[in-house]
Amino acid sequence: MTTSDQKQGNVHFIRHDSEVLKGNPLGDKHVREVIVYTPPGYEETGEAYPSIYCLTGFTGRGKMLLNDNAFTPNLAERMDRLIGSGQIKPMIAVMPDCFTYYGGSQYINSAATGNYEDYLIDEIVPFVDAHFRTTADRESRAVMGKSSGGYGSLVLGMRNYDIFGLVCSTAGDCYFEHCYPMDFAKAYRVIKGDPRAFMKKFWASEKMGKDDFPALNTIGMSSCYSPNAESPWVDYLPFDLETGEIRVDVWQRWLEHDPVRLVEKSVDNLKSLKLLYLDAGTRDEFALDVGARILSKKLRDFGIDHIHEEFDDGHMNISYRYNRSLELISERVSAAQI
Amino acid sequence: MTTSDQKQGNVHFIRHDSEVLKGNPLGDKHVREVIVYTPPGYEETGEAYPSIYCLTGFTGRGKMLLNDNAFTPNLAERMDRLIGSGQIKPMIAVMPDCFTYYGGSQYINSAATGNYEDYLIDEIVPFVDAHFRTTADRESRAVMGKSSGGYGSLVLGMRNYDIFGLVCSTAGDCYFEHCYPMDFAKAYRVIKGDPRAFMKKFWASEKMGKDDFPALNTIGMSSCYSPNAESPWVDYLPFDLETGEIRVDVWQRWLEHDPVRLVEKSVDNLKSLKLLYLDAGTRDEFALDVGARILSKKLRDFGIDHIHEEFDDGHMNISYRYNRSLELISERVSAAQI
Amino acid sequence: MTTSDQKQGNVHFIRHDSEVLKGNPLGDKHVREVIVYTPPGYEETGEAYPSIYCLTGFTGRGKMLLNDNAFTPNLAERMDRLIGSGQIKPMIAVMPDCFTYYGGSQYINSAATGNYEDYLIDEIVPFVDAHFRTTADRESRAVMGKSSGGYGSLVLGMRNYDIFGLVCSTAGDCYFEHCYPMDFAKAYRVIKGDPRAFMKKFWASEKMGKDDFPALNTIGMSSCYSPNAESPWVDYLPFDLETGEIRVDVWQRWLEHDPVRLVEKSVDNLKSLKLLYLDAGTRDEFALDVGARILSKKLRDFGIDHIHEEFDDGHMNISYRYNRSLELISERVSAAQI
Amino acid sequence: MTTSDQKQGNVHFIRHDSEVLKGNPLGDKHVREVIVYTPPGYEETGEAYPSIYCLTGFTGRGKMLLNDNAFTPNLAERMDRLIGSGQIKPMIAVMPDCFTYYGGSQYINSAATGNYEDYLIDEIVPFVDAHFRTTADRESRAVMGKSSGGYGSLVLGMRNYDIFGLVCSTAGDCYFEHCYPMDFAKAYRVIKGDPRAFMKKFWASEKMGKDDFPALNTIGMSSCYSPNAESPWVDYLPFDLETGEIRVDVWQRWLEHDPVRLVEKSVDNLKSLKLLYLDAGTRDEFALDVGARILSKKLRDFGIDHIHEEFDDGHMNISYRYNRSLELISERVSAAQI
């Protein structure tokens, strides 16, 4: 810890009142902070900058990307350093909040949680472009993230041709057969037949129990992948609440959201990307390295250009991997003049 | 550790040369020890005794049931104590060896490993009846075991009407969706595309690596559930060796061996059992408590009488649960006169 | 996550240029942020408020008390809630930064790291009193913290009669025989004879290795408890760098800093406190619950009034325990008029 | 698992009624099995063989060295293989039982448990020499073991000049400062002030709890190192039962039994050994690799010839390391003619 003379960008916390989230089924708040990092020099120059949307993992929200740790730079500090050393161009970073009562939204629309894909695409992107000097075209707009944030990056990139021209996924949820079912029996045990009661108890407790995560994760994913249109509550878990047997029909609904299966519906979009980057750690506890391999194979089969890398680590505490995404984005993003 | 004046039974190690196992595809030995416990008094009386076949878990073989531990009685000591205290009748216990190069046989016939179900039913049971004073009928013959030994007990009981009239499964493999797939991604990583090379390295190493078990378990189960008739080697793993994707056709072959699915084929046999007992620990690492619940529900749906219990423990070091099986067998077994 | 209409206090980040830390032996920065929370209403009223100094654990710094987590309120949110619900009085909270290159200062003066006790007492307290409407007397000033922050609270309270009238320690380092030596062999292995090289490598690496913490902790504590006056570097580890043998002379220097042993030097100060509170979790991985029991016994032996509690948890993620400290402080602190 | 044509030695279980253990303070049995392995050919030849005493770790007893494991040879199988392949000479192996109610004896005399050193030296060695064709001199008699068995080997070798000429310790208890105190706080918590009640509960329970081992280990070591002459029960634990504070006087008694400290009392004996071998794994959970380094340094300081090795492993499941001890013993032992 020595004195640092690093030039620092600014972080803006802006209140945004969402029409899309108003009246969402969970009663989650519709007024949220949009957090925007502007690089050193932003205030002095009149230039426009590329923008990067950084999506957090499940249970996260944008603000957590700014958490302080003496040994690991947060996203703003990381960008300051990379910009300061010339490793990346000055860019704007956006940290949206798509958290829900069930732990997250996977950044997609859901009858159970709200329309978070619409929220990002229809509200937040225009809002940021209106309030900051971004280069407001897809060649200059990237989306990246880790875990569920990697998932969000992939599916947003697949489905929103005109918005994101660059997509990076670090350990993104992928090939659901390997990453989710291992939690189902644990979730079944903890939920004890009543997901509503579990959620109430969960939010009332002072500390997440060690067995709570598989339950929360399973409920959270259900709320995104297999919502029940007739009830805002999760009635469509992928197992029978009484016996624990897999519900094949529900599981099938989950699979329809798997990036591996979505590829074929988005081939042209994916081919048009200026950057499609996947990585994962070879000890990933959710086997997302295996998922990334399978996705990469599928992309190759369809002739979709992409970069696939692996690193020697697990799923947790891998924010240092953001550097690789940021560097690739910086290389390929268009930094057009205004 | 105080002096014990417990009367002790005898343990007999008998060499048996199997015709069934001769020329088995793995070159595993066909001359094996059959281990038989006879209760205190066996030598003095001329009586016949009920017999219990005790099946070990995966990676185990009969001899391991006699391993010494200062704090936990082995099977012979356990029976000495229970008989001595009057908790169970004097009974004969048989500890067969159905181990294979792949770690186990699941006690069934397989084109990849050999015909271990035939070995037990056609050779070992008659051999024991011929050499020991058993009451040689199904009302007086039980099968019990833990984990893969519980699996073996269930399927042997289902399929061999005339042999076993009492069946006990402790944490038996059941509802394969919850107990096996969690290992597949780990196995995929360790096997690195070549199960033969993995097995060679495994047997040559001094110590099982912490990631070896999921690979061995997956290969072992494949050798039992989805053998390749054209090759003694495991070519039918439930995932693609190159990409790690699930092979649905192979997985379907596994599922056909799931006790939950076998119930409907054996309803009459199961109804005729004098005892059908299931238990599992509520923290079982392979979710076999959930599997047992599902099996129990299926049995109830078919009107099959059984006892289903749970206990507060995991999957390992639960030999104390044998007491419960032994007591139930003792209660219900026929101890007919010769 | 429902909409919250909680009234919120403000958090102030103020640049402070320290004379005490200028030229510190490690070259750590002397310009640091002092972070101050002012309660809801502070701006509207002209009142003075009690102040609480909140000290973080080893590897922490004030800013981390404000980290965002969707499930756990940070210190500002926690105070907002407790004040909003009437559980505590409106109070000012101060979050100082006493981090060092070795991971922390234990909030004491050291020839190896700098004079952090002087920094807090001589600079930060007057600075806060000058810039905020605190009630600037010991009856209205508390110090609290967890782990090394609990240690700091105890020793600052013992030694600065006129400054802190209320002291709360949650799982504070105490009875060094139980909490530190378990790390020494691990530290010895990782340091490999060269603490300087270890520290360089540590700071250069992207992620703390799982065996790094015991080494960093041991080096950090050495820098505080057994500094070498002739060198700013840690030459006085409590074990021989070559053989790993305990250095009894160094260990003795550590013990002189143990709160259990400091009690007898501060009996009158401790008796004069308006609040002395200790707690720890009964599964604390560093046995600090046992340490707290021993300290409590020592306090009783000297007739020093205090409150000692235990809770069912370990050492990590226990910020919910701050509530108890804050409530006790609120009860006993003087909230005098200006 | 292929057919093995390995020639096999024989294992003899011989009932021995001990005078030394008769009336031992714990009421542990004085009639115990002495287990002796004789090599292939023993029955055919008239030759005498070197003998090796193999001491088990804490909670073990000789019989456990013969436990069956499909992947790891037991001691008899291991010797069969090494003899069969010519890696070692044919030798006799002795597996004594020195277990006690407290989990072990450390193979030394104790007022709390009994005189296990006398038992081995005065009774078992002559008994074995009388019943088997050993070469009955120190040049042909070795002692080896792991963990507490390594400790026993070291101290028996130090103190019984005329008995053992070769000593091998694998991960033997050594440098007590690193290996025992980490358990004290855990033991304190579990013992809850009453070691007698703990022991009763321990023996009555069906399964060792995860926190029981530190308590049992601490009680067991106390019974060996700091026995209370006036009571057969452990009243001299190294911490205060009420507060958990270290009892320096008791700890000092422990230290007097540390091999590192015993070296200076046995320099001549140690110099006379034909083999003194130490090893330990560099990830040993009890830091016994660090202990072995310290012991090795002490031996060098006194000019005592020895071999010191390290291997890449922890403390558990390291029986494969016996090979190294057996090979070194075979090289250096005298295999004199009768």
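Order of writing sets the labels: A, B, C and D. Residues in every chain begin at 1.
Here, a contact is a pair of C-beta atoms (placed from the backbone, for glycine too) under 8 Å apart; a residue touches a chain by one contact, two chains touch by 3 or more.
Note that the structure is a prediction, hence the values are computed from the model and not measured.
Counting steps between touching chains, the shortest path from chain B to chain C takes 2.
Should one ask which of C-D and B-D has more C-beta pairs in contact, the pair is B-D.
Of all chains, A has its CA centroid at the greatest distance from the CA centroid of chain D. Per-chain CA centroids place chain A at a distance of 56 Å from chain D. Computed centre separation for the pair chain B/chain D is 35 angstrom, with centres defined by C-alpha atoms.
Chain geometry summary: the mean Cα position of chain C and that of chain D are 46 Å apart. A ring topology is adopted by the chain contact network, closed into one cycle in which each chain touches exactly two others. Touching pairs of chains, sorted by label, consist of A-B, A-C, B-D, C-D.
Taken together, the chain A residues at the contact with chain B in this complex read 175, 177-178, 181-182, 184-186, 188-189, 243-246, 282, 287, 289-290, 293-294, 297.
In the complex of the two chains, the chain C residues touching chain A come out as 1-4, 26-29, 31, 59-61, 63-64, 66-72, 99-101, 103, 206-208, 313, 317-318, 320.
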